[in-house]
Structures are given as structure tokens and as C-alpha cells.
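One structure is given below, encoded as C-alpha cells.
Here the chain labels run A, B, C and D in written order, and each chain numbers its own residues starting at 1.
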Amino acid sequence: MSLYALYRDGHGAQRAVDALRAAGVPDSEITVISAVPMEHFEFGEMNKATRIWYVASGGGLIGFTFGTWLTRMTELAWPLPTGNMPIVAWWPNLIVIFELTMLGAIFATVITLMVAGQLLRRRPALYDPEVTTGEKILVGVEAPRDEKAVERALGDGVKRGGGE
Amino acid sequence: MTACHAENNIPTVGPAQAARGRAMHWLRVERYWEGEFPDVRLKFRPVMCQQCDAAPCEPVCPTYASHHTAEGLNAQVYNRCIGTRYCANACPYNVRFFDFFNPAWPKPLDMQLNPDVSVREVGVMEKCTFCVQRISAAQIDAKAEKRELKDGDVKTACAQACPAKALVFGDLNDPESEVARLSRSPRGSKLLEDLGTLPKVTYLARQGDA
Amino acid sequence: MERRDFIKLTAVTGTTAALTACGNPEHQLIRFVPDDDIVPGIAEWKPSVCPLCRAGCGLTVRVLDADFETTRKGQAGVVAVKAAKKLEGQPAHPVNHGGLCVRGQAAIQLTYHPDRITTPLKRTGPRGSGEFAPIAWDAAIAELVSQLDRLTDRASLACIARPRRSRRLELVAEFLSRFGAPAPIGFETFDDEVLRRANSTMFGRDQLPTFDLARAELVVSFGADFLGTWNSPVSQNAGFGEMRGRRSRGKLVQIESRMSLSGGSADEWIPVNPGTEGVLALGLAHVVSSKSAKPAAALAEYTPAAVEKITGVRAARIERLGGELAERRPAVAMIGGPALAHTNGLFHALAVNTLNVALGAVQQPGGLFFTPELPSLRAGSGALTRPSAALKNLSAQALVLVDDVNPVFGSPRAWHVAEALAKIPFIVSFGSFIDDTSVNADLLLPDHSFLESWTDSLPESGSLELVANAAPPVMRPLHDTRSTPDVLIEVGGKLKTPVALPWKTYDEMLKASFDKLGANAWDGVEKQGGFWSAAPESRITLHESPRIPNPESQIPNFDGDASAYPLHFLPYASQAFNDGSVAHLPWLQELPDPLTSAMWCSWVEINPQTAAAKKIAEGDIVEISSTQGSIRLPAFVSPGIAPNIVAVPVGQGHGVFTQFASGRGANPIAILAPMAEAETGALAWAATRVKIERVGDANRSLILFAGEMRENPHENETR
Amino acid sequence: MSEGLPPTMTEDLLRPLLRTSWRFYLLVAFLGSIVAMGLGTWAYQMYRGFGMTGINNPVYWAFYITNFVFWIGISHAGTLISAILRLVNAGWRRPVTRCAEVITAFALMIGAMFPIIHLGRPWLFFWLMPYPNQRMIWPNFRSPLVWDFFAISTYLSGSLLFLFLPMIPDFALIRDRSTGLRRKIYGLLALGWRGTTKQWHRLESAMQIMAIAIIPVAVSVHTIVSFDFSMAPVPMWHSTMFGPYFVAGAIFSGIAGLIIAMATLRKFLHLEAYLHPVHFQNLGKLLLMMSLLWGYFVFAERLTTWYGNDVAEMNVFYVTQRGSFAPLYWTMVVVNFVIPVIVLSLKKTRTIAGCVIASCGVCVGMWLERFLIVVPSLSHKFLPYSWGHYRPRPVELLITVSTFAAMALLYVLFAKFVPIIAIWELKAGEHPSPALSPVAAHEHALGETHA
């Protein structure tokens, strides 16, 4: 079970977040949900740090290796000479390798988005359709340790939501 | 040219298709008019697949249907061909032909078909093979007789039929062979040589013209 | 599906059959085909003889097993047969030395042609309707026998056949003579009777000449397309090839007003006014002899200046060429084709022979020879009835046998052959196809194809050795056909008053006559398709050459006056179809013409100047009219023809001739005027004048294989 | 934005999804029948044999390859443009990106069909792919057609994801606003999106990376398409400038396609409030630039040929410039260069209508350009004896027409099921209180100031 409240605009949300912090709730436990990204508020900057860039490069590397292996292996496996070119023809192979590198990077990015963004996850999570329908901003805490404090921080209009 | 049709099961496409520019002649005798009447002259030039060493048709084929054999021929593997027709575009000599329809031989014309040469189905590319079936036949005979293939053992259908003996076929790798000798001749030249396709066919200029 | 494909792949380097048999693992098949696994079909090689033209080239036929789908006695089935697969030139043959022309290559399609007559036919519909019903051989022969018996006047039996020197024709002639009928009418559109006459007059040989081109230094050809269709093309090509391959390359000068294939390969091409070739020849002879010790007085009038007036060839050029002839030896002159087809053709032939004498080319290395004659095999073509006269009053006949000739197509409409046939009570055809002539027959008794029966011919030229062709059947007959000679023998035996021929069968006749040639002659027949041996020296006896007429007297006559019909009309034997008798072979229909690259059609060749004057562009439909009628053809504008001439290839324009040739193009022979060579009466097929008119836009009826006529079409374009 | 967004925005943009008029069904039925006709024609062509087309020797490539290049070119509208605009963070991109990216996805799918349609044996097209098989047979990586296969599949999957990711929040929006089956479906599509700050951040950075990755891929795709030609020793094909030439041409036609698509949407979905003239003007300026660039390339190509005076190339030059292809050639020059440059450089004519007219011209012109690259060269190769002609036959025309219908159909259906304008991006575009917005997040006011 979790506690949350809905706010009409960023300012209210910001105040709630500050209050929660004051009540000793760590950022990692505070959930803020909005219908649009909130870069213009301080809370919008919470847990921004990400390793997605490294993952993407890693994916690219895998794609590169696979491309290199594929072209070389197949050409050696069925070594038919054509047009006086070497069996392993690097110039053309580079094109295939390039494409596979990019493909690797793209897939890696999307996969990390799915994982890191906690998409596709099964467990019912803290959410309220009003976020989109009423364009509200949700601030809440999942499984708060000190409910009283949280309730106080969120001010009036606190709701009890799903989640664990 | 008819010899080629007879040897290689090349279909006749009929007037309607011929008018569309789909007649198939693996070997064609190009003729060019030079000058005007009365000082007019004709130039004849037989053109068939030049079996290039650096054949532009080969690398462009996505399925290796067109590739180079150990003997240095441009093999065209009909059943690997998916009909991109890219090879025909890449060929500067326009000597590759496409089967636009399944070939038909009104019975009993089909009885003439040469069993040593496969009949090409619709959608594949075909071209002069230097009568590869004759080459392999000769090789087998040679093997059976426990001897090396010697110059003159193999004659392509065209070379064999040509009444004026204007076509000579043989093994260029054998410096003693007649073709090797002729290809070294100062009269010799290659077709579209400057494209760098390294064609294996050598054209001998008229005595005196060279 | 894949499996089948992958096996098919290997056919690029071997046979499908063999591979399925030796069942390699497929991954081997598709990836690399081990050479050892490629086993081509096992072929037999059997000798035969090319039937298509007078040259009589020797063949070796590749024979393999094949399945034949047929219906015998009403039930369909597949029969395993030995089938001819490919015709090759017989390497040992003295005429073609292993070579074979396009027509010869295509001859195999005669056997497998889908429209062959597969069984005897009896006419059911009206004449020419082409409605026939199958009939059993016995009934058919009985019918013919009764018709022959019914003849009151036995001389009213006529037989039209090809003037081939062969035992076959001899047998036919024998049958006719013993029956009491006139000798067979030897019909061939392009027969060179005029030249034979000239040769017998001057050299005592009623034969076409043979040239030793291989050793010739300079060859002057007056209109003879000796590399294409004239005389013995394959042997002439072989000689020409050698002449050109030599270190000291021989020179060819072609004198004609429409460039032929030979003209195309010539070093010098000289257009000349039609019908003045002889004058030019004598002009050259004049120059040659004037350079010799004792100039021939007879030639005095043929000064280059005088000759220029008539021939239109510049005097200087005549001087030069004459000079070359005088110096470059051995030199030889030949004449053929249109040059002989004028009202004064014989004069031209004699003139060229005279030139040859002046050149000392007769029976000299690099000169003119005659193939040794074999008296014992000599089928007298002299014994033949001349077609021109005979065909014109054909209608007098009561019964006509047509032995694989097509005079309705091959003779001018003005001869009224078709009308004559219509009047004849009973017509029998032995040909294998229903064509313009046999469609009028009452009874069709299909012959075997040349591969299915005994065959023989006697090359009249093309070989310096003595040669006689004869060969056994190569394969079993596909259809319910019978060898015509044997049919005649049988018919002869069944007549009320039997015509007993001295032989029981055709091959027995052949054996009898070949045995006369020597002990080993008959093995030759069975092994190599003929007998040949170094000639018993056959000298040419130079007869008194005829008086040389004065040049002005030698102006030929043309039909149609020059004002109304300004152009000369030149039908020529086409590379693909020769006289049109093989127009039904699809390979030849799709063969691009060597000069125009046209396929599946016929056309009219017009000089650019003439075309421009008439606003005619390539492909436009042109009407060509003579006094005898008109034909319509697409135009081919060609720089290789004189402005005062239009030329049309012979071969297309069949009314009825199988699915491939029927109603295709137009037949130039039809509109020829019935002009005859004065002395011999031979058809002067180059003596008609015509006018042309543009009657329509290009309509795709001109089918060209080539995209462009010139190697650099834009060379004169300004950037 | 110049004018603030109407409060009814969400409703406006969701209306097409929630309400369906009979016109929609009529339109779909109409387009659908044309597409079906096209597929039928293709089946007929396969059944009767490839000879049903006008292809012949030596013109072995013609309409189908032209269409292939054309559609791949169109596909450069979306992803590439929107990626660039995202990277430069141009504010006016927000309503444009999605309808652009959709074009890419569909145009690519259609374009990729053509190499298969044009095969002699289409049922074996999979032989182009490197799939493991027991005989260890592989495609030939030296063949530009195999490069095509890799490039196009990469570009296609990239573009689809690039299109899909920013759609997730909108799916969530629809999920929350709808009920029943629709709710279930969009719920699935939303992938459990909630909109936590974390998700927003990940989405942003993912889009950044995608944008960076997709640009070189897009460039490579059309370069490789150009390699199909420039790798072959054919007069006027074998040229080093083909890569950039084709890429420029692709973007050129792409923008034109985008403008047409946007104008149509604006008209029929009544999006006047969201697609402002300024958007068209900006795209119009881009189009103008590409038109000039295209002109530059064509001039460079022609001049080099003319000056070099190589016989074979000049034969092609003459036949296009003066010969049988001249009418097409000069039409191309007019509609690709003359008209756009005039219409788009004058502020007075750079209206929505003006842009659309210019764009239609460009689409026609660029199709002609590809046709004039493919056919004249093939019909006039080195040996004049083997020159030929080409006339399209009905099957080719029908299939070509049907692909345009297919494009329209797919687009209509897409607009039916997905908000064609990214709602959340639009919202995020307007700043609640500029005072609070940090300078860093200030968007390039491209368009706003210049309009």
C-alpha cells in the first residue's frame, strides 16, 4: 500500500516533495508522476543519472563484432571468387559491419529504456489516471516507513493507493 | 548462331517477343556501317560472353549465381539465380539474357534438346558458357584415356560450325595452344579493354588494318 | 523443389540425368560440383548429308536416347528412340571440311517440326482450302495407282522436283521415263543454269565452278554472294577464311549494286549499273591483256572510257583494278546471282569466263576448277525439263507429282502456276509440309525427313576431289511416313502395266551404283556418309571462246519503262531462308539477318537518298509496284545499296507454310515480270523495274535485333 | 508557440481516434481496393511470367527500380528530418515530428517491396538474407543488393522504434481516457507507462541516442541505394558523386512528401490550430535549400560529362538532353528547380498553398529523375548494336499507382489509431511559467521570431 496526493501544478508538487524530504524520505523513495516531463522544476531533475549511453556504445560494439564475424565467416565458408576480388573483401564488408553496429546500438538503447524505465513491469505500481485525465501531478511514497510523517508532508487530500 | 541455339537449348521467343527486344542470341554478330554510298564498308564483330577475369557481372550478384570457376570461366548457376538482372546491367557487353517466360518447344521440337545442358526456367539469367558441357565431356574422355587435355580437343559449337573458321577456341593457360599464340598476335585486341574487365576473348584485326 | 533446383544447378557443368543418378549428398552438389561427378550423355555420331542446297555438305549427327510422345494406332504413349540432337559438319568431307552454315545447322528442325505431315492425307475440302483427312498408306498408294492407270495419255504425267544431282532424282527420272512421261521438271528459283551453259560452252563442263580461294591473291566477284548463299557457300567460306588468314592476305573485290554478305566482307566494293557486269569484266580483261605481250584485238572496243559510259564505274578505277589483276597473281573472277539474272545473262557469264582465261586462272592454283564428274553417278540434270516453259503450260497435264518443291511460291505470279495447278485433275505431293503448292494437292504422301531415310547427293562443285554423298538413316522415322523413292518403286510394281524399276529399294539402288566406284566406296557411305578420293585428273578443255560482241549491243532489257518504274528491283536469296524453302524453321526465322539484323519479317532495302526523296523513314510501310502487281513491306534504309535500286530478301511471304512462316512478310518473286534470259530461257529475276510509294507509318512489322547501325552514331553531333 | 494552444487540444487530437465517420470507411474502402488491385496485378505478373512487364534486353531495370529509389527517397522525410530537428531542439518541430516519422516507416515498407516485385523469381527473395542453412550457403556480401538488405532493415527497425518510443506516453494518455477493449489495447501499447520522472529522463536520453544513431544510418541507406548504380560500369552510373547526389535528392523529395502529408492532415483533421503556416514556411525554406542543392548536383554531373566528352557517356547525355528522353528531362528540371526556387524564395508565394504546389512538382520531378538515371543509361550502353528502347506495360503502371494508394491507406489508418501529433510533446512545449524555466532549457525559437 502506498500514500500519494495529486497537485494541480508544479509548484504544489515541488512543495510536497520538499516537505517529504524534510520528513526524512530519501529521493529514491519519492515517486513523482506527471503527464509531461517537468524539467522546469527542481524535482524534475531527480534521479537523472543514467548509464544508457555506455550501454548503447556496448550494443554498438556487439553489433560490430557480429558483423565482422558474419561477413568473414560466411565468405570463408563458401569461398567463391567473383570479379577478381579477394574472398574476404573488406571494402564491401565494412558497409555491412557499419549497419550491424548501428543496429546493435539502437537495440541496446531501447532495451535499456525498457529495463531502466521500469516499463513492462508486472507488479501493480503507484498510479492514478487523473495524472493524464486531470493533468495533475502525483507525488507519493510507496510503502512508507512512517505513514504519519508522509501524510503530514503530502498535506490534505492524501489518498491510499495500490502498490505493495 | 544457330549452332549455339542447337547446342545450348536456347529458346526462340517468337515475333511478338522479338519485337520487344527479347530475342536470345548468346552469340551475336554485330555489324556496323562505315561511310556512305558508294564508299561504304561493313564491320562485323561477333560478341559473346567475354568470360572476363575481372567480370563486373560476378560481384554484383547477391546469391553467387554468377561466379568464377577454377578454370576461369564465368559460371552462371541457373538455380541459384533469383533474377535481379543486376549482372546484365553490370555487363558492358550486353551478352546476358533473361528468361521472361518459361521456354516452350512445340512437340516434338523438344526432342532436339541437348540433355547435357539444362533448360532455363522463367526468371533466370543465362549467357554463353563457352560450351562448358563440351569442355567437361572432353576432360572426362581425356581422363578415361589417362592423358592431358590437348589443344583442339574442345571446340565450342560456334567455332566448330563456323565455315570460315573465324573462331578459335582453346586453353589460354597453355602457352603452346593456338589461341594462346593468336592472342599474343600484334593484331589482337580486346573489346572495351579500357574498362578493365580483363576479357578472355581476343579479336584479331584484318591483316593490314592493324 | 529446392532439391530439384540444386541438381539443376550442376547442369551448368554437367548433365542433370547423370547427377541424379550418381546421387551425391546435396551439400556437395550445391556448393562445389566435383568434376568426376559430371557425366555427359553418351553420344553416337552417325554420318548424313545436308539436304538443303546443291552444295551437298557432309554431316555427322549426334545421336542420343530420347523419349518421343506419339499416338500409334489411336493410342498415345511414350516411345524410347534414338534421336538426332545436333548436326555438325563432317570434318573429313571435301566440300565443307567440318563447317556448316546456319541453314544446315537448322536442318534438324525439319525432322522435329511440329507441323510436319505425320501420315498420308487425302483432300476433303475444295482445292487450296487445306482441308485434308488422314488415310492409310495402302489406300493412298492404291489411289495413286488407280489415278496413274486412268491416264490415257501417259505423257500427261508431270513431275516437279528439285534439280539436284542425286540418285534419288535419277530414280524418279527413271520411273517417269519408263512410265512414258517426260523428264522431271527441275524447279529451283535461283538455279544458275546460265552459268552452266557458259561453262559448257567455254570449258565443256555443264557444271558450276569451284574456286581455289585458299591460294588466290586477288578475287573479283561479279554479284556472286559466295560467302552467303551462292554455289557452295561453306567450302567457299573455308577457302576465303584461309585466304584471309594467310600472311600475304588475299584481296576480295565485290562488284554488285546491293551490298551482299560477301560485299560486306570485301576489301573493295564497287557498285555497277545492273546488267552491265559483263561489260565491266571485259573492260578489265582489256586492261589486263593490254598489259600483256599480245593484246587481244577482240577486246579493243572495251576501253575503260567506253566501259565507264555503260557501267558507271570510273575509268581510272577500271584502269587501277585491271592493273592489280595484271600484277597480283593468282587472281580469279567469279559471277553469280543477279549478274546472271538479266536478259543477257549468258553474255555476262561468258565475259567473266573470258576474263578468267585472260587471267590464266583456269585450272591453275588459286584459280577456277571443276569438281571431277562421276559418269557412273551422273544424274543428267540435262535430262531435266526446263521449268520456265514447262510450268507455263503445266495446265496441259493430267496428273502432277510434286516432289518437295514449291513452284507456286518460287515462280513469278505471271507464270500462273497456281492457276495451272487449279486446272489439273489430280496432284500428288511428296513433301513433308503443307505449303503454297502442296496445299493444292489431292493426295499427300509424306516422305521421311533426311535423317530418317537413306539420302544421297552429288556435289556439283565445292570440292577439288571426286565426291559422292550417300548415307543411311540416322534414326527411326518419328511419324507414319515413307521414303518417296520406295513409294515410287512400289507404285510402279502395282500399275496395270507395271513399270519395273531395276531396283527393289532405294538403298539397293544406291549400293549398286556406289559399288561401281570401287570396293571400299560402300564402307565410305556407311562410315562417313559418302565416297571421295583424289580426283582422276579431269582436264578442262578450253573451247573456242565465242565472238566478243561490241559493248553497246549488250544493253539488257528490263520490264517496265524507266519513266513509270524508275527503280531496278532486286530480289535476293536471304541468308536465313535462301530461296524460302526453309522459312518454316523457327531458328532461321529468329536469326538476325547479318546486314539488317531483322528477324521474323521481310523488308525492302532503300538507299538513304531515294528514301529521303520519297520521305520514307526506317520502318515505314512502302508499296513496291511492278507491271505485274505490288507488295507492301517495311523500309530498311541502308547505305549499302545504289540509289536506283530497291532490294527485297526472298523467303518470306508464304501463304501457307506452317505456323512459323504463314502470312509473314511479302514475296518479291510474285511481282517479277516473266522475263527470260535470251539464250537459255532461264528466269531473269533481276530484270524487273518497279516504283515505290510510302503508304503507311512504321507499325512494328520491321523487327530488328540491332539497336544502332553505326558504331558511333553521335560522332557528328555538336556539343 | 506564436499562438498558445487551445484548451481543447487533447480532445481535438483524440477526436479522430474516438469518433469515426462514414467518410473514413469510404476512403479506406476506396484506397483498399486500389491496393488490392495492385497486389492482384503482382500475382498475375508472377503467374504469367516477368515478360508481362516492359522490361527487355538491355533495359533490365525500369519502373520498379525507379519506384524503389523514389520511395526510399521519400522515407528520408521523417526520421532524418525529425532527428535533426530534435538534436538542434527546434521548438517548431513538436507538431511535425510524428507525421514525418510515420512517412518514413511506411515509405520504407513500400520501397522495400520493389526489389522483391522486380525479381525474376520473387518466391526466392529470402536468398538475399544470411540465414543459417544446412548447406552453408550464404549471400555475396560484395553485392550492393545485399548491402541494401542490411541498410534497409536497419533503417526500418530503427525508424519504427524511433516512431514508437515517443508514442508510449500518448498511449498511456488514451489508456486512461478510454474504456473497454480500447483501454486494454492501448494499455498494452503503453507498456505500463506511468510518467515517473525517471521514465521521462530515460525516454529523453533514449530519443537523443536514437536521433544520433539514425542520422548516419539514413545517410548510409540512400548512399547504398546509389551504390546499386554507381558500382556498375554503366555510362553515367559509374560516378563517385552518386552517394551525396542521391542523399540530397532523397531529403529533397522527403521534405516535399512531408509538406504534402501535413497539408492534407491539416485540412482533413482540422489541425489548423496545431500546424501553423510557420511550420510550412520553415519546411518551405528547407525545401528551397534542397532544391538549390539538387540543382547544383545536376549541374556538376552534366558539366563533368559534357566536358569529359567520353563517347559512351555522351551517347547517354545526348539521348537525355536532346533525344527521346529530352521532354522528360526538361520537365524534371522545371518542376524540380525552376518552380520551387521561384515559389519558395518569394515570401509572398511561400504560403501553405505555394509550398504544396512546389512539393507536388518536386515529387513528380524526383520520380522522373530516378527514371532518367535508370533507363537512358541502360538502353545506351557501350556497344550501339545492343542499344534498346523501353515502354512501360500496364502491370508496371498499375503496381506503381497502387503503391501511392498503399501509402495513403496506411497513413489514414495510422491517423485513425494514433494521435498524429505528439500530444505530450506539444504540452511540454509550452512553458508554465517562463520565470522558472532555467536558461539551459530555452528552446531555439526557430520559426517564432522569423515567422
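By definition in this document, a residue touches a chain if its C-beta (ideal position, glycine included) is under 8 Å from a C-beta of that chain, and two chains touch if they have at least 3 such contacts.
Given the structure is predicted, the values throughout are model-derived calculations rather than measurements.
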Tally the contacting C-beta pairs at the A-B interface and at the B-C interface, and name the larger one.
B-C
Chain at maximum distance from chain B, centres defined as averaged CA atoms
A
Just the number, please: Cα centre separation of chain A and chain C in whole Å.
88
In whole angstrom, what separates the CA-based centres of chain A and chain B?
62
Using CA atom averages as chain centres, what separation in Å is found between chain A and chain D?
30
Quick check: what residues of chain A touch more than one other chain, meaning two or more?
78, 80, 82-83, 85, 89, 92
Would you mind listing the residues of chain D that make contact with two or more other chains?
136-137, 139-140, 142-143, 146, 384-386, 388-389
On chain B, where are the residues touching two or more other chains?
23, 28, 30-32, 56, 59, 61, 64, 80
Chain-level touch network, classified as line, ring, star, complete or other
other
Strictly by the criterion at the top, what is the full list of touching chain pairs?
A-B, A-D, B-C, B-D, C-D
Inside the complex, what are the residues of chain B that reach chain A?
53-59, 61, 64, 66-68, 198
So in the complex, which bits of chain C are touching chain B?
5-9, 11-17, 30, 35, 38-41, 64, 66-69, 83-89, 96, 98-103, 105-106, 108-109, 112-114, 227, 233-235, 237-238, 240-242, 244-247, 249, 259, 263-265, 269-271, 478, 586-592, 594-595, 597, 599-601, 607-609, 638-643, 659, 664, 700, 703, 705-706, 709-711
Can you list the residues on chain D that touch chain B in the complex?
48-51, 54-61, 115, 118-122, 124-125, 127-128, 137, 139-140, 142-146, 149, 228, 231-234, 378, 381-386, 388-389
Given the complex, residues on chain A that touch chain B span 78, 80-85, 89, 92
Along chain C, where are the residues that touch chain D in the complex?
26-27, 30-31, 597, 706-708, 710-714, 717, 719
